[in-house]
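Presented sequentially are two complexes of chain A, the first with chain B as partner and the second with chain C.
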Partner chain A sequence: MVNLNTVPPRNNRDYYIAIGLEGSANKLGVGVIKCSRSAHMASGDNSHNCDVEILSNIRNTYVTPPGEGFLPRDTARHHRNWCVRIIKQALEEAEIKNPHLDIDVICFTRGPGMGAPLHSVAIAARTCSLLWDVPLVGVNHCVGHIEMGREITKAENPVVLYVSGGNTQVIAYSENRYRIFGETLDVAIGNCLDRFARTLKIPNAPSPGYNIEQLAKNCKNKDSLIELSYTVKGMDLSMSGILAYIDTLAKDLFRGNKKNRLLFDKETGEPKVTVEDLCYSLQENLFAMLVEITERAMAHVNATQVLIVGGVGSNTRLQEMMGQMCKDRANGKVHATDERFCIDNGVMIAQAGLLQYRMGDYVKDLSETVVTQKFRTDEVYVSWRE
Partner chain B sequence: MSQEIVDTVTKYLTPNIPIKQISQGAEAVVFTSSAHPYLPTPEHDADGKPLQYIIKYRPPKKYRHPIIDRQLTKHRTLSEARLLSKLFLIGGINVPKLIATDPYNGCLWLEFLGEDLPNNSGFSNLKNFLWANVNDPYNDVVKSTLIKVGEQIGLLHFNDFCHGDLTSSNIVLARDDTQSNDWKVFLIDFGLGSMSKLVEDKGVDLYVLERAIISTHSAFSDKYNEWIIEGFSNVYNKHGKGGETKLKEVLKRFSDVRMRGRKRTMIG
Partner chain C sequence: MVSPSALYTAPDVSEKRFTVDRSSEKYQTTNGRTTGPSAHVLGAGQIDVDRPSDPKLLSDGRTPTPLSILRMELTGLQDDINEFLTERMELAKNKKLKTQSQADEQRIDKEITKLLDGGDDDDDETKN
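What follows is the complex of A and B.
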């Protein structure tokens, strides 16, 4: 029996307040949540239905110029520069006057992610903890995504497709772990799209993936596709080859390499495809692979619900395809959230951290707050579920 | 499953063929039927009961672009049919018998295998079998069955074939004969299979199975995987020095593939 009320809120309140700090990649997020300590949480598997109230959800993204990616060093500098301002703004918006009295727990991302940015944010978390005398909880970034998705959509036990810049995983819960059923063997889907966006030299704001999505929407010729390889390997997939190939196509197109018969007409030398066509074909191909491995995992564990989380999860085409897949399965239902919760944010870290804290699992000594770049989803013991 | 798929398949097969859905996998819907596609009268088994056949139908997937969908359906059905017919001729390998195929519409007719396990444990695939034995997870029948599973995969790989989607639900058990307690192991679902001499593909195959076992039968997976590899090695070791060298290569690549899993923590 899971009892989420073991640790009482501070100062005899009947609700918890948690602040989450996220900075594993180029987004710096701070979120404050309030969660009542209701009686139904004392027993049963209710971690997907905590009545969470979001008091603030502030995010600042480090945007690089078109054609460039974000380097760990520069991203860390961005996070260091903005961290204090954003924490202050989040507290102000949440109307928290005395953090040392009002906040129950500070949650921060322990991994996985880029080392330098993770480190900067962890230092901020430790400082706040010592300053306000509030306990700390180190959170796995992927688990943060999953828990926030479950809370928002109220999906009880879904198969999770976690697609972002650094991760592509199909996850299902079993015996106190979020187990990885399928994942990418090389680059992540977001990374693949980001790198293609860099080749196309399209803006990185608000996000490269969003801009590719818009280009794909404007594709004039949706009946034909550029043939790309379809590399599903069991429940895993591989994307680096597809990226390398479409990259060369894009480069040939920009350079005007007339020898490429796929891109240029043999007689007239007119280009046959546009950048929009490339984006459309890439998306259709990659997302079909993602939906297929998700369906495989669903069939394997007999699940009916899917939850899409992670930055790429805010792509409406992916959500639409997943919806069509679910429609053909018995009682199939797809759950997705919008960019506020899909893209990295502080609220999700607060939510997963608060669940962990309520089970009595928090940092007892600062030496436990070391961040780690490699932190697999299935390493976390999920004590708050049955 | 939605009514739409049932309608498409009934329209395709014509209402003269009685079908009963038994499962919906990721890419195909599986039906049983007592009708044979080209024999005029139904066949009967030893007890005089009419024989059942499997119809594996790959419905068009609406989420995929039609071009990708047509290509995949045709390619997978055709390659599955080809593989099954080739594998059927190799001694020792157990696969269902292929009866008919229509790659353009994504339809396969196969021999029916397996039975229902006692105590409502479901159909006799490896997954249900292992779950049915959860109270006595390391008994002799489990051990010998898993070694046989390993041997089937070993034979497959030794003959340079790869399965591509080895999970415990894609391994079906059928009684050797009704009296004995022994199981005969069949590999099914070669939709992602291929002929391949590459050590890489074989390593990935073993890795996929290992992970499937770990994720569905986590508590006992160490022993289970050990037995599977034991059976796998048996096949190669029968072929003298050459077999042993090949085995070493495959197992070496298998451990390499395992290390490649992304963000796996490395100790040391």
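What follows is the complex of A and C.
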């Protein structure tokens, strides 16, 4: 029996307040949540229905010039220099006057992610913990996405498609673990789209993936896709070869390589495809692969719900394609959130961390707060679910 | 107010202490020499909007607040540590610059190999 009221709130309150700090990639997020300690949480599997109130959700993104990715050193510097400002802003918006009295737990991303940025945020979390005398919880970033998605959409036991710049996984819950059914064998889907955006030299603000999505929407030849490899391998998929090929096409297009008959008309030498066509075809191809492995996972576990989480999950075309698949299956339903919760944020870390804390799982010694770049989703023991 | 300090120890370094010299300019700024944006992103046209804020001043408009003094001293200390560690890395990487004994060189080589690939191959070769 799961008892989410194992650890009572501080100062005899009837609600918990958690602050979450996220900085595993180029987004620095700080969020504060409030969660009531209702009696129904003392038994049963209610971790998807905690009546969470979001008091603040502040995010600052490290944006590089077009054509550039984000380097660990510069990303860590961004986080170091913005962390205090963002924490102050989050506390102010949440109307937290005295963190020492008002906050139950500080949650931070322990991994997976880029080492240097993770380290910057972990130092901030440790400092706040010592300063305010508030316990710490180290959170798995992927589990943060899942728990936030479940809480927002109220999806009880969905197959989860986790698609972001660093991860591409199809996940289903079983016996206190989020089990990985399928995943990318090389680059993550967000990384694939981001790197193509660099080749196209399109802006990285608000995000390269968003800009590709907008270009794809403007494609005028949606009925004639550019042929790309379809590399589903069992429950896994591979995207690096597709990226290398479409990169070549884009470079040939920019260079005006008329020898490329796929891109240029043999007779007139006029281009037959546009950047928008490339973006559209890439999205359609990659998303079709994702939908296929998700559907297979649903069949395996006899699930009717899909939850899409991660930054790429805010892509409306992916949501639409997944929705179509779910509609074709009996009683299927797709759950997704908007960019506030899909894209990395502090609130999701607070939500997963608070669930952990309420089960009595928090840091007893600072040596447990060492961050790790490799931290697989299925390494976490999910004590807050049946 | 007590200034921060740092202590570095390693098998080949008895004790390296980093302390603040308040008269030196490098402990009087929040912009460190080694903590700025990388040359690569600046070369790519990055505008640095992430620089640390300047030190806050007391009401007299001249004296930094105690927390700002701490930030400035930590910035200088961080520069000292970064430069020291960079030198050590260069020393370990570039054999020509090494002045240590042959035994020291072998030890560093072994450490680098172990760091890079876990040293599994070495062990296998020894067995063969």
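Note that the second predicted complex is superposed on the first by the 386 of 386 C-alpha atoms of A that agree within 3 Å, B and C clash if a C-alpha of one lies under 4 Å from a C-alpha of the other, contacts with A are read in each partner's own complex, and residues count from 1 in each chain.
One rule holds in what follows: contacts are C-beta pairs under 8 Å (C-beta built on N, C-alpha and C of every residue); 3 or more make two chains touch, one makes a residue touch a chain.
Every value quoted in this text rests on a predicted model; they were computed, and no experiment measured them.
**Q** Do chain B and chain C fit side by side on chain A after the overlay, or clash?
**A** With chain A aligned, chain B clears chain C, so fit.
**Q** Touch test for A:93: chain B only (first), chain C only (second), both, or neither?
**A** Neither partner.
**Q** Given Cα centres, how many degrees, to the nearest 10, is the angle at chain A formed with chain B and chain C?
**A** 120
**Q** Identify the partner contact of A:321: answer first if only chain B is touched, second if only chain C is, both if each is, neither if none is.
**A** first
**Q** By the touch definition at the top of the document, which applies to A:77: first (chain B), second (chain C), both, or neither?
**A** Second partner only, chain C.
**Q** Identify the partner contact of A:252: answer first if only chain B is touched, second if only chain C is, both if each is, neither if none is.
**A** neither
**Q** Who contacts more of chain A, chain B or chain C?
**A** Partner with more touched residues of chain A: B.
**Q** First (chain B), second (chain C), both or neither: which does A:62 touch?
**A** So A:62 only meets chain C here.
**Q** Examine A:339 and indicate which partner it touches, taking first as chain B and second as chain C; both and neither are also allowed.
**A** neither
**Q** In whole Å, how close do chain B and chain C get at the C-alpha level once superposed?
**A** Minimum C-alpha separation, chain B to chain C: 7 Å.
**Q** In the superposed view, which residues of chain A touch chain B and also chain C?
**A** Shared contact residues on chain A (touching chain B in one complex, chain C in the other): none at all.
**Q** List the residues on chain C that touch chain A in their complex, please.
**A** 35-38, 40-41, 44-46, 50-52
**Q** Help me check something: in the complex, which residues belonging to chain A touch chain C?
**A** Result: residues 62, 64-65, 67-68, 71, 73-74, 77-78, 81-82 of chain A touch chain C.
**Q** Quick one: which bits of chain A touch chain B in the complex? Just the residue numbers, please.
**A** 112, 172, 174-175, 177, 179-181, 183-185, 224-225, 230, 232-236, 284-285, 288, 291-292, 295-296, 298-301, 320-322, 324-325, 327-330, 373-376, 379
**Q** Using the touch rule from the top, collect the residues of chain B that touch chain A in their complex.
**A** Residues of chain B touching chain A: 1-2, 4-5, 24-27, 59, 61-65, 67-68, 71-72, 164-167, 169, 192, 204, 208, 211-212, 214-216, 218-219, 260-266.
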